[in-house]
Structure formats: structure tokens, C-alpha cells
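Multiple structures follow.
Both of the next two complexes hold chain A, though its partner changes from chain B to chain C.
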Partner chain A sequence: MRSLALLVALAALVALPFATTGYVVYLANLLLTFTVICLGMHLVLGEAGQFSLAQAAFYGIGIYTSGLSGAAFGWPFPCSVLAAGLVSAVVGLLIGGLALRMRDIYLALATFAFGEAMQWVLMDWTSVTGGPNGLHIAPARLFGLQLLTDKQAYPAVLVIAILMLGLAILLSRSRLGRAFRAVRESEVAAMAMGVPVKSTKLIAFALSAFFAGVGGGMFALYSTYIHPDSLGFQTTILVLTMVVVGGLGSIAGAVGGAIVFGLISELLRQTPSYQEVIYGLILIVFMMFAPKGLFAFLGESFGRLRRA
Partner chain B sequence: MVDLLEIEAVSASYGRIQALSDVSLKLQEGAIVALLGGNGAGKTTTLNTISRLVPVTSGVIRFDGRAIERLPSHEVVRAGVSQAPEGREVFKDMSVRENLDLGAHVRRDRAGVRADLDKALDYFPALKERLRQKAGTLSGGEQQMLLIARALMARPRLLLLDEPSLGLSPLLVQKIFAIIARLHADGLSILLVEQNVAVALAVSSYAYILENGEIALEGRSEALRNDEAVKRTYLGG
Partner chain C sequence: MTLSLFILFLEQGVASGLVMGSVYALLALAIVIIFKTSEAPNFAQGDMMMGAAYVALYLLVFRKAPPIVAIPLTIVVAFVVAALFRGLVLAKVAKSSGSPVNLVIATLGFSYVLRGLVRGAGVGDTPRTFPPLASTDSIMIDQASVTILDLVIFGAAILTMAGFFWMFAYTKLGRAMRAVGMNPKAAQLVGVNIGRIHMLVWGLSGVISAIAALLISPKILMTADMGSIVTLGFAAAIIGGFNSLPGAVVGGFVIGVSENLVGLFISSRAIVVAPFVAIMLVLIVRPQGLFGGRTSIKKV
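Presenting the complex of A and B:
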């Protein structure tokens, strides 16, 4: 049943560019990108229980690393996407150092401050980033091949998203994933079990930054123009909302939340002035009626229906 | 006979509050030693200094002849000391199985871990049917069993047990202590922290009584059971 659903979903994803318009494929690219960023948020917040409100900054670092390295060195895109992830991960490791000294709301504020500072850097380091005017980047390439349209970029975006999903699942089932959850539930008990709490937190931060950075690299595959406007706190909150609405702590929740909420967010773009209000309302409603997230809620309701 | 654990003049503090001063105790391989005393006497702190969850300000802790008071906590577990912490310190949102796996977190010998899982479930058969259940949904007694089983998964040479009787019915206390006696019979060394003095003195061979972070009294458990002062203060008559 479950594998059948997965197969259908995969078939639909493969068939998508043949059956739809460029806009739909663009939207699919964007949703897949956000899925990867949400997987990173899932690792650091959902699994390890550490607030990281700088995911948009890591995403931005990924976008610029990928765009600039592609332009400067003419790297094939798998290299620049990987570089995007790695550079973000290194910065994430540094931010993780904060996590060792703080927790909860203080950690949230510190990472938030870093995110804002990073956006400021991207905005003002005009010689490299182009500042508020943005930057035109060369299309992604692989040997002789150039990705010029959303449809051409889509297969690469899809493959990367699937690889990252696989990586997230592997991590979650690994010894490391277990250590993440132990740290989330009780640091003292985790320590008593011999989990090295400090390095575990550092790794969680670095990994979540890696995912966000790869997300940035994915974005650079189907964009020719990048600018720092959308790399601030709003985007982090969007990612946070996706993960919470989907269901904090589950991979299905992170993926589902990214897709469902990404679609809602795209629909709301027609009415920008109400956008924030509606986000807020959705978040409040979920906190009140489905605190475990959309997918847990659907699962429970379905279970009740079946029993009734 | 060599002491498996030797604590020598250990002091520890939380900020400015002195929690332990000059605590010394010994435990021989294969023994159950009880650490008794009232609330806030420093029993849990003593266990936590051994596990390196609380830093020592002075003194030496030797395990099997090796100083461990500056090791990181995971090295202490690897050296063979594991703790079943007080109260409900299970990982509530994780399954019973995952809790047990976490007990073996520092180990890499998969076959050995597998064998020890069977062994732990043999001591605590009640956990066997609950492996997939979330630990938070277990009853108080089952959570206590899980804490001990989880600590056993590290294959310790020394088990630190913190208040295994806490909040349990007399029947369950009996059950848990029967298992503790079985672990002892199978050769495990145990440092037992308890408020239930009668039960602790019955199962241990030697005991220390802490008061305000200092050792106030020590002796063979048998002798302490008949000691007038101990009877008055801890055994209710």
C-alpha cells in the first residue's frame, strides 16, 4: 500500500514536465527546493531539538556559493551544488558553537541575529553579491549541456531532492539520528548513556546548514537572477511553519509540510497584503487543533473513521 | 582484593552551593554497596560525579585503578560504568527498543549488543511485549525496569542505581529488588542509592550514610541494621 503510493508519486514526478506548463514545473522546482531546506530544519529542530532560525541565511549562502562558483570557475553543476552545501555546513558548524553555550529561546535569538546579519552582508557586499541590485548568474551546466529552462533543470532538481531525502532517512535511522533524538529528549540522560552531547549538537547544526545550502544550490539551477531580498527571517519562518504544520519530528511531516504549505504560499502570492495574516492564522489553528502536525492529524482522523 | 571503585575525598559544588565535601567510599568487585541518606544529602550528586555529569572540584575517583574524574562522560561509560538515573529519565518519545539501543550507544560490537538485549529482556520480560511502544506510555514500574535494562545494555562492570524504588508500590519494590539480587548473583557490581533504607540494607553488604554532603556513618549493612541511631533515624523505630 505504502510502496504503491510512493511509486505513484514518483511516476507523477517523472511525468510532470511532459504534461504541464513551464510555470507548474517552476513551482515544482521551488517546492522540491523547499522540501530539502525543510529536511534540514527537520534534522536540527525535529530530531535534535535545537532551534536554528538562520536557515534562510544558509540557503542564501548556498545560492551565492553555487552561483558565484559556477560563474567564476565554470564548474559543472553537481560540483557547485555540493560546494554550496559544504560552505553552508562550515558556517553552520561555527553557528553550532553558539548552540553549545545557549539553549531554547536564547539559541533561537542568537541564530536569528546571525541570519539577519548574513542578509545584511549579502545586501551590502556589493562587489561580490551585487547587493540589492542582485546578480545575474550563468546557467548551470554539465559538460556541454546547459540548463536554460525550468523544464531542463527539473530532472537535476528532482534527482538531488530524492538523494537528499534518502540521506535524511538514512541519518534518521542511524546511530547519529538516535543520538539526535536522545539529546532532544534529555541532555542529561543522553550524557549518561555516553552520547557526546556537544559534538552531536554541532553535527546537527552543520547537517541542517548542509541541507539548506544544497537547497540554495538547487535554486541556482533554475534561476538566472539572484538577490538577497527573500533571504531574511520571513523565509526562515516559512520553513519553520512548513515543518511544524507538517508535523515536527517526522520526515513525512517535513516533506508534506513543504509541499502543502509551499502551494498555499504560492497561491497567496496574489494577495501579498493578507499573506502574513493567513500564515499566522494557519499556524495558530494548527497549534490549537493539530499540534502534532497535519499528517499525524490526518492519520488519527483516518484511524477514527476506520474504527467507527 | 582490589577495589573496583574508589572515591577519595571528593568534593563538588553547584555554583556556590557545596554539594559534596570530602566524600570517600569504596566498592569491591562483585559487591552491592548502598549509599543512603535523606533528600538533598548528596546521594545523586555522588553518582553524577562518577558518571561525570557533575564536575568534581577536588578529589580522585578511580575505577579499576584508573583515575576517571576528568574523563568525558562517554569515556566513563566506555570504561564500564553505567547509570540508571533517578525517576522517569527514560526517553519518553522514543520506543522502548530505541531506549535500549541508546544504552548500548558507546558499543560497536553488534553481536554482543544483540546478545545483551536478549539478556536484558530475560531479566525484565515485561519489556519484551512493549519494545515498539513509546517509553512515555509505560507504567511507573515498567519505566523503572527500562531504566535498569537500558543501563545494562552498556554491559557495565559497575552499575549505578539511583532510587530504583522511587514511587513504586511495595509489591513492585519487591520485584525490582529481586532482580537486583539476581544481577548481583550473576556477578555485577552495584552502587545503590536509596531512600528505602530497610530494603537497601537487606540487599547490600556495606553501606554509607550521607548527611549534608558528607559521609556521616559507614559500616557493614548487617551492623547498620542493628544500629540504634540508624534504626531511630531511618528505620522508623
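Presenting the complex of A and C:
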């Protein structure tokens, strides 16, 4: 049953560019990008229980790394996407090393401060990032092939998203994933079981930065322009709400939250006057009545129906 | 830079910094009292302030109400809305999941709703100016130039803080609030109605935000996004330790003064990033903030 559903979903994703318009494909690209960033948030917050409110900053580092390296060295896109992830991960290691001395609210606020400072750097380092004029991203290349449209970029975006999803599932099932969850439940107990708490937290932080950076690399595949304005706290909050509304702590929740909530935000764009009110009410209602996220809520409701 | 210019800049920076800092201190206080009792930062604080500012603007400008009516009415509205949000929404969120993340997301939702309402109501669509409640003539304090309005802002903020600290330290209600912050279960055992205290704390936080709104609005351009100024209140709260009330006040003044000094001595573009650099520096050196107590270790 479950594998059938997955096959259907995969078939739909593969068939998408043949059946729909450019806008839908653009939307699919964006949702897949956010899925990957949400997987990063899932790793650090859902699995390891550590706050990181700097996901937008790592996403931004990824976009700029990928865009600039593609333009400067003419790298094929798999290299520039990987570079985007790695540069973000290295920055994540450095920031994590400082920030992870704190916990809970202090960690959240320190990473928030880093995110804001990073946005300022992107805005004011004019010679490299173009500053407030934004950056035009050259089309991604592979062996002389150029990805010029959303439809051409879609296969690459889809493959990267699936690879990252696979990586997230592997990580979650590995010894490392178990260590993450042990740290989340109780640092003292994890320490007593021989889990190196500090380095485990650091790895979770760097991995989440890696995912966000790869997300940035994916964005650079189909987008031609980036402005630091779209890399602020709002974006981090969007990712956080996606993960929490989908269901904190499960991969299905992160993926589902990214897709469902991404679609909701996009649909609300059609009704600009009440967009914010509806968006806010959705968040409030979810937290009041479905605190474990959309999927746990649906599961419980179906269970109740079946029993009745 | 000559010495006399240096002293002029220093005096002006400190004077303007103390004025803005007093408003940041109020906002930080509003954030910290909620954090101390709810264990979750209120991300709607800025938009609670923004909402109160627009209520006051509506009464003063659109309804032509005299300040003597408009100001108390704004404060009452802020109290009621904030207390109801806690009593009707957050109480339910806290009951259905104890996780602070869920509380945070619910406050984010509240902030979106407030901003959307102000924008949708037809007053928040264009930038507006708030009528100053005191004269804007400048006077000189030594070499620094400040306006009468600045002095009123500073004085009103200090009075509000003093009144608040008195209430917190000496009244029965203040003791009950402190008790809930220290140990909710024990407070309940000795007969404190926790739900009511939570609502009162939120209401009080709304009142402090409303006062901050009335004070700051004449000095800035009003838009539906003016709530982002609360970022500096957060910065102040963090520097002060996030669970210390005197720390929040000191943090507010530190942020206000350093922001103005950075603007005068380095560059006006660096103002935006200065608070975040300050947060990171303070947290790296003292992870629990300047006035924060020891961070507790969760029990197994």
C-alpha cells in the first residue's frame, strides 16, 4: 500500500513537466527546494532537538556560493551545488562551534543573531554579492548543456531532492541518527550511554547547514536572480512552520509540511488582502488542535473513523 | 577627529541613546515577563506594539479623540487583546502540547494576524506620521541636543518601569507572578490561579508594549512593519540574560547607546548589524547573558 503510494507520487513527479505549464514546474522546483531545507531543519531540530534559526542564512550562502562559483569557474552544476552545501556546512561548523555552547532559547537567539548578521553581510558586501542590487545568476551548465528554463532544470532539481531525501532517511536510521535522538531526549542520559554529546550536536548543526546550502544550490539551478531581502528571518520562519505544521520529528512530516504549506503560501498569494490573517489563523489553529502536525492529526482522525 | 568633536559625538550619542534605550528597555521588559512565566519568547511582541500604535493613531487622528481619552483607551485595548490571546488561544496550545516550539509558532501566527488586520483595515497601507504628544522643540544638555519630546519619552519610560518594578516586588499580584515564574506547580499548591496569572502577565506585557508604542511612534514613520523594532528589544533582553528584569532594562540602555555611538562614530549603515554583533559577543563570552542566572540542566 505504502510503496504503491510512493510509486504513484514518483510517477506524478516524473510526468509533471510533460503535463503542465512553466508556472507549475517553477512551483514544483521551489517546493522541492524547500523540502530539502526542511529536511535540514528536521535533522537539527526534529532529530537532535537543537534550535537553529539561521537556516535562511545557510540557504543564502548556498545560493551565492553556487551562483558565484558557476559564473567564476564555469563549474558544471553538480560541482557548484555540492560546493554550495560544503561551504554552508563549513560555516555551520564554525558557527555551531560557538553557538552550541548554549542551549534552548539562548541557542535559538544566537543563531537568529547570526542569521540577521549574515543577511547584512550579503546586503553590504557589494563587491562580491552585488549588495542591494541583487545578483544575477548565470544559467547552470553540464557538459556544454545549459539549463535555461524551469522545465530544463526540473529533472536536476528532482534528482537532487530525491538524493537528499535518501540521505536524510539513511542518516535517521544510522547510528548517528540514534545518537541525535538520544541527545534530544536527554543529554545527560546520552552522555551516560557514551554518546559524545558535543560533537553529535555539532554534526547535526553542520548537516542541517549542508542541507540548506544544497537547497540554495538547487535554487540557483532554476532561478536567475537573488536579492538578500528574501533571505531574512521570514524565510527561516517559513521553514520552521513547515516542519512544525507537518509534524516535528518525522521525515514524512518535514516533506509533507514543506509541500502542503508551500502550496498554501502560494495559493494565499492570490488573495493578498487577507493573506497574512489567514496564514496566521492557520498557524494558530494548527497549534491549538493538531499540535503534533498535519500527519499525526490525519492519522488519528482516520484511526478514529476506522474504529467507529 | 579632534577631541572636542569626539566629546560632542559622545555626549550626543549617549543622550539620544538613553532616549531610544528607554523604549527598548520597555519592550525587553514586556518580552522577559512573558518568557519568565511561559518559557517561550513571544514573537508577537512587536506586532502587539504595532497594533497598539495603530489603535492610538485611529483614536487620535481619525476619531479626533483628545489624548486624555485616547491614551487610556489604547492601553485598555492592548491589555484586553493580549490577555484574551493568552486565555483563549495559548492556554489551549499549552494544554495540547507542552512544547515551547508550538507556543512560539502560535505567537508567530498571532503576529501575522495582527499585521494582516492593520493592513486590511485600510489604515496600515500607507506610511503615516503619529502626532507627537509633546513639543518637539530642542533644548541643549551641555553640548547634546534633545527635544522636549525626548525628555518626555525618557521620563515616561522610567516612570513605567518604576511602577512595574514596584508592583512586581511589593504587591500580592507581583508575588504571585514571581511564584508562577519560579515554580508553577508549587504556586498552584499554595492557591495561585495559574491561568489567571498567565492572562494578567500577558495583559501587562500588552500594556507595556502599548506605552512603548505611544512613546516611539512619533519618532518613527508608522507602517504595518514597524513591529520589527522589537528586534532591538529582543537584543536588549538577550544581553540582559533573558530572564532577568533589571538585566532587560540595562540591556535596553546598552543597545540604545551603542546603536547611537556606532551610528555616529562608525557609519549609519553599521547600525543595523550592531545589535546582532553585540548579541553574539555577549552570548559567546557569557552564554547566559550579563544578568542571567546559571542555566539549569534538565533532569533525566
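The definition used in the following text is that the second predicted complex is superposed on the first by the 298 of 308 C-alpha atoms of A that agree within 3 Å, B and C clash if a C-alpha of one lies under 4 Å from a C-alpha of the other, contacts with A are read in each partner's own complex, and residues count from 1 in each chain.
One rule holds for everything that comes next: a residue touches a chain if its C-beta (ideal position, glycine included) is under 8 Å from a C-beta of that chain, and two chains touch if they have at least 3 such contacts.
This structure is a prediction, so every number in the text was calculated from the model and none was measured.
Of the two partner chains, chain C is the only one touched by A:Tyr274; chain B is not.
One of chain B and chain C touches more residues of chain A, and that partner is C.
Applying the stated contact rule after C-alpha superposition, one finds that A:Glu266 touches neither chain B nor chain C.
In the superposition on chain A, A:Leu109 makes contact with chain C only, while chain B stays out of contact range. Touch criterion met: A:Leu98 reaches chain C, while chain B stays clear of it.
Judged by the touch definition given at the top, the superposed model places A:Arg178 against chain B, while chain C stays out of reach.
Within the superposed three-chain model, A:Ala189 lies in touch with chain B and with chain C [touch as defined at top]. Comparing which residues of chain A touch chain B with which touch chain C, the overlap comprises 186, 188-189. Listed in rising order, the residues of chain C touching chain A in the complex are 35, 41, 89, 92-93, 96-97, 99-103, 105-106, 108-117, 119-120, 231, 234-235, 238, 242, 269, 272-273, 275-277, 279-280, 283-284, 287-289, 295, 297-300. Every residue of chain B that touches chain A in the complex is listed here, in rising order: 51, 53, 72-74, 76-78, 82-83, 85, 89-94, 98, 101-103, 105-106, 150, 154.
Those residues of chain A whose C-beta lies close enough to touch chain C in the complex are 45, 98-99, 101-106, 108-110, 112-114, 116-117, 120, 124, 186-189, 237, 240-241, 244-245, 248, 273-284, 286-289, 291-292. Residue ranges on chain A touching chain B, taken from their complex, read 175, 178-179, 181-182, 185-186, 188-196, 249.
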